[in-house]
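Chains: A, B, C, D and E, in written order; residue numbering restarts at 1 for each.
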Amino acid sequence: MTDTLAEHADPELSSGEPLIEMKDVGKTYGAIRALKGINLTVRAGEVTCVLGDNGAGKSTLIKIMAGLHPHNEGTMKVDGKEVSFSSPRESLDHGIATVYQDLAVVSLMEVWRNFFLGSELTSGKGPFATLRIADMKRIADEELRKMGVVVKDINQPIGTLSGGQRQCVAIARAVYFGARVLILDEPTAALGVKQSGVVLKYTAAARDAGLGVVFITHNPHHAYLVGNHFVILKLGQAVLDKKRADVGLDELTRQMAGGDELTELSHELQK
Amino acid sequence: MSQTTKTPPSAPAEASNRVTLGWSNRLLARPEVGALVAAIVIFIFFLIVAPAFRSPASFFTVLYQSSTIGIVAVAVGMLMIGGEFDLSAGVIVTTAGLVNAMFCYQLGINLIVGAVLSLVFSLVIGFLNGYLVVRTGIPSFLITLGTFFVLQGANLGVTKLVTGSVSTPNINQMQGYSTLDAIFASSFKIGTVTVEITVLWWFLFVALSAWILQRTRIGNWIYAVGGNADSARAVGVPVKAVKIGLFMTVSFLGWFVGMHTLYKFDTLQAGNGIGNEFLYIIAAVVGGTLLTGGFGNAIGVAIGAFIFGMTSLCIVYAGWDPNWFRAFLGVMLLLAVMVNLYVKRLSTARKVG
Amino acid sequence: LSACSSGGAPSTSSTAGSGGGGAGDNSGYTFAMVTHETPGDTFWDKIKAGAQQAAKNNGITLKYSNDPDPGKQATLIQNAVDSKVDGIATTLATPDALAGAVKSANDAGIPVVAFNSGIDQYQQVGAKMYFGSDENLAGTTAGKRIASAGGKKALCVIQASGSVALEARCAGVKAGLPATENIQVNGADDPSVVSALQAKLAQDSSIDYIVTLGAPIALDALKAMDAAGSKAKLVTFDLNVDAAQAIKDKKIEFSIDQQPYVQGYLAIQSLYLNKKNGNDIGGGKAVLTGPSFVDSSNIDQILPFAKNNTR
Amino acid sequence: MSQTTKTPPSAPAEASNRVTLGWSNRLLARPEVGALVAAIVIFIFFLIVAPAFRSPASFFTVLYQSSTIGIVAVAVGMLMIGGEFDLSAGVIVTTAGLVNAMFCYQLGINLIVGAVLSLVFSLVIGFLNGYLVVRTGIPSFLITLGTFFVLQGANLGVTKLVTGSVSTPNINQMQGYSTLDAIFASSFKIGTVTVEITVLWWFLFVALSAWILQRTRIGNWIYAVGGNADSARAVGVPVKAVKIGLFMTVSFLGWFVGMHTLYKFDTLQAGNGIGNEFLYIIAAVVGGTLLTGGFGNAIGVAIGAFIFGMTSLCIVYAGWDPNWFRAFLGVMLLLAVMVNLYVKRLSTARKVG
Amino acid sequence: MTDTLAEHADPELSSGEPLIEMKDVGKTYGAIRALKGINLTVRAGEVTCVLGDNGAGKSTLIKIMAGLHPHNEGTMKVDGKEVSFSSPRESLDHGIATVYQDLAVVSLMEVWRNFFLGSELTSGKGPFATLRIADMKRIADEELRKMGVVVKDINQPIGTLSGGQRQCVAIARAVYFGARVLILDEPTAALGVKQSGVVLKYTAAARDAGLGVVFITHNPHHAYLVGNHFVILKLGQAVLDKKRADVGLDELTRQMAGGDELTELSHELQK
């Protein structure tokens, strides 16, 4: 699995260099304010974990980095140059690959077509170049197997896969195409323990291959397993922003307002 | 890192659950198979009830009729796979012909120049349709309904203004006529039957479209854009460019048929072409294209056009009462769609192993 | 209730094969009639009624088909050629567009006659004979008659946009009465015809004559004039029972009739005679079935025939 | 258990983030407001360019024209909110009238009996449309295109068969005529202007539809069925019954307008009504109904019908060249849709507090 | 929150009575076999946890109980009578309420309309009865607040809420309307620790109010906090089916093929 990452990672990445820098970034959807005054740096060879309650603005944050929605306040720099992505293509062209929480796949298309969508392998240049279908099928199948996912038929429409299987395809795709930055929005939410483990390993492997990783999760335990840097959002604003050295799992869980409660809860529920 | 990797333990076990669908299931799941079965059923039916249909000449007349619908339907089918409609596809055929005829006739210019001008003009209209759709986000049904009305009015208004009547003057004495006639509207004999060149063009365009849809990157994008434009955009597909391109493809093939009509009949009525937009859509949908986008293919659309051409002419070959013409057509349409559906059900209902 | 009497199976089926067997001389010919009819106009009922009568009289199998699109009409002629019929009667509303198809019929040795429209081009296109009126002439005559009756400004109502035949009629009216304006209405929707005419009458109060190009539209125009309180007079092309009644009631000034029944009848009859005896009706010239005026002076004789669907 | 509950700690803090949208934003977010603004703009425009439009009589002529489109559009709008199309809505109007006229004339039966029979017949067609759609899962566009063709053919074929011509005999001497004429096609004077009764019926149906959509359980279901039929089904909404009911509503109001046309004109052409199905859809969409379902409302649809009626007549009031009629119509349509969109954008782009 | 449950629970439930009994139930989607030979009993006052890998058939299982897809093998009894639901309405009429993994809400409709969809409050009978709009808004707002979810405007289209907020609406709805059986398909997947805790409390409260609960999750820890009975599915078949007394958290996690691995993983990742 990790050979995929090593093969695809941009070899020029040097650990610690800032890949994405956000300064005072804000975003409103019409009348609804989703983000305000966010400062965040994604560095090569580091995992930046973003945590927060439902509706805190985590997905909005990564959609800005991914070029899905432009931000409407503040500045964002990629590789030191100021950008405001007007389409995800631009973000992808900077080597930023994303797994979205709610925009995974095109249901009617085959698994392998989904895997390569937007980055098809062709035997020529230009939009009319012929697809290398056999290669694409083989690679998609291989990459999925590496994650422990064996779909019954690589030609079946992805809409017939289970929720978790679809999520795996989206993750495998991002890992395969992410050359510099990998953004994962709650990648493990629909996954079982085993597959979650695989995803965490990928995350760590990406970090070690020198990529910058943004990892969004509700699970502070997962976050703490791989994170180098933690940001907690609340109502669109960052309420905690610390390096791993400065924060413990306990504080993280407490900040997520769940740690103590969960223990308490377990007493309560056991009666 | 890679050394630490181990194959997840249960993967091999899962592989045992893996199935490879039999060829018959794979075949049945293709969009065009239902249409093909429907076409064969209707074909046999008319061979029985319409003796006049049992000749090669009749068959080629049917092919010709299908091709004039089918050429534009190729593009409309692709557009529909891409998730959009074009209601102006019928009138644009006439617009293209009118522009060519009137421009050249009034100014006495070589027809070839006019044809090129008309092509540019058509592409601009296609571009505008597409641009307005992707720019405003208004459903293409509405935008192209607007252009449909505008073109329909302009066809009539301009023709009336320029020629003083509702049809163009005869252009068959003008320079460049013979070349264009040979390209767009000639026919040749094979034995006793006459083959119109549009039939060949039709086959060519269908093959091209099939190849683009299945085998090229842009084809992949068309399916993605129609299946889920947001997801497609999120993985970097240039959604807007693809859609605009599809609208321009429609107007290109509309122009092509417009040229055929002009050079075959040498004159054009300004009111023509209205209503054909639905025939294209019917052909596409009967051929297995999903109205909501993301599914379908070129062969299916071609079969859809053939079913339509065959039905509409065979009703005449069978000598049925023309008052009931539309009713027969409706029944055939419903029949074709139902057979299509039934075949698709078959393909998923069958057990494997 | 005479309407019922003409109903029933024999007169409706286009293939008179079974019905024709008993009557008249059983010639065994099959003739195709191809028109530019937009389905649903009573005018074509009469053409068909005439054709059917001729077919019945001579034991002919008649195949009727129609399409308002010139390209498709051409294909229908080709269709008849493929079916190896013995003769083809066609309208030539768009002569240039149909020339190729007529030629291919001639090449196959199938005689073609034209009717209803195409008076100027039928010979050039390759049709042997022509039965019909001259739309332009009919219009001009009507325009002149309006002018001589003191009409100042006429409104010509086109119920199907882009139709060559209808445009020719209005152009004719304009030739006879220069102060003629056209309006386009949606003939498939009576309420919208009424309101559009009502609007037009409100917009231009100088209109003192309305010319409709089909009998059903004339009846809508009456409603509109009523609603708008207009004093304009009404003139129409063609006839049906209600329009004939309206002429009798002096609500319609006159109708320009081209006797569609005769057109249909003669087209088939002439093919029969040509096939059988080599006859050429009209002797190389067009045979005119109109225009003839129907007004209060002759309506009493014509009304029963209109009710019979033969005039 | 309930004693152990405590309010989750951070809820009150979040409440501070809660917004209440200002009335102007709420208003702008409603589907009909864009259409209303467009209607006003077009209205003022024509008041300026068309002097003949500046009279109460003209206004009521426009209302009458709008009502004949608008009554069926009410139902078509509801159907579209419910996620389906009905292309047979135009011909069913004619079918309903024909059934009534011919049945009574041939058998010499009281017209009221025929009207009821025609109603039953129309409802059966609506039911069949709906049943086929929900049963087969084929898109309603195709099913109703099939019924459209079948009815169109049957209208002509049957009328020809029964009356020997393609129009019905005049029924104004038959029993029951005056009652039905009073209900469906009468008019009365207010001062100098004539008000057609269909205008009142139209208002009534719009009000009824608005009430059903906003205030009743079935209205809630209609939105849900159109917005996401699977989710709706999952929470127990009787999706199939709702859809069938909507198709029957369309045929009910189609029948209603059919009665109006018959009793106003006393005779009917069998080929009529074709093309109107699109006017209904246009009215609905211009009025803010989403083509994909789940969004829209009755007032919007009424305004859409009014825009269409006003535009088509005011072009005449303005005395513009009739050859360009369609082109003007197209431009107005595009304009209305764009204004609509612009207003909707405004409503979401504004900041709160 | 739990007062909602107590108020709405069917008072005639007696703890331990079997509410749903499945015997040898199987299901195929066309050529794909999703379930086979499932035996499962849902009892009043018990939480039945269903665990399993992605694609194991968990969602399929609950869709059968919920009446969304009919089963095509075996028998299912509800309250002792054999049934084969042809629509979710029938299931709801038996007092069975469900939170689906992928079929939550109608995006374009307001939050409160979504909450009451299919079970609207009206001031009369029949489909044309007037809605009690004010009541419905109030109740929807209250119930969401009880879960700690405060939406900015109860009239906003639910599509504008974040993924987790939407999930909360679906859960609150099911709790409100579930009178006898409550089915939850991965209810906590999109939720933060805090909200997950709330959902677990609801689950326990529903159990204590005498309802039968089916709880699907990937998280054995969550499952073990509330479950009385555990079923593990693998490739559509039950591979473990034990009462709480017979199985420990350790075994559960091991069976989910994750427990050991996660620990191992954490060592591995910490280098």
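The rule we apply is simple: a contact is a pair of C-beta atoms (placed from the backbone, for glycine too) under 8 Å apart; a residue touches a chain by one contact, two chains touch by 3 or more.
The chain list, named the UniProt way, goes like this: A, E = ABC transporter ATP-binding protein; B, D = Xylose transport system permease protein XylH.
Since the structure is predicted, the reported quantities are computational estimates derived from the model, not experimental observations.
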Where the contacts of subunit B and subunit E overlap, which chains show up? A, D
Chain pair with more C-beta contacts, A-B versus B-C: A-B
Farthest chain from subunit D, comparing Cα centres? A
Between subunit C and subunit E, centroid-to-centroid distance (C-alpha), Å: 72
Chain-centre distance (mean CA atoms) for subunit B and subunit D, in whole Å, is 31
Whole-Å gap separating subunit D and subunit E, where each centre is the average of the chain's CA atoms: 41
Contacts with two or more other chains occur in subunit C at residues 12, 39, 161
Multi-partner residues in subunit A (2 or more other chains touched) are 29, 32, 53, 152, 194, 201, 257, 268
Would you mind listing the residues of subunit D that make contact with two or more other chains? 4, 10, 14, 17, 19, 21, 152, 156, 160, 166, 323, 325-326
Which part of subunit C faces subunit B closely enough to touch in the complex? 12-15, 39, 63-66, 69-72, 74-76, 78-79, 81-84, 94, 96-97, 99-100, 104, 160-164, 167, 171
Report the residues of subunit D in contact with subunit E in the complex, numbered from low to high. 1-2, 4-5, 8, 10-11, 14-15, 17-21, 26, 212, 215-221, 223-224, 227-228, 230-238, 290, 294-295
Mind listing the subunit B positions that touch subunit D in their complex? 136-139, 141-143, 145-154, 156-157, 160-161, 278, 282, 285, 291-292, 321, 323-331, 333-334, 337-338, 341
Residues of subunit A that touch subunit B when the two form their complex: 1-3, 5-6, 66, 68, 87-89, 91-93, 98, 100, 103-109, 113, 116-120, 122, 127-131, 133, 145, 147-148, 150, 152-153, 155, 173, 194, 198, 201, 205, 208-209
Considering only the defined contacts, which subunit D positions touch subunit C in the complex? 50, 52, 55, 57-58, 61-62, 64-65, 68, 105-106, 152, 155-156, 160-167, 169-170, 194, 260-261, 264-265, 267-276, 309, 312-314, 316-319, 322-323, 325-326
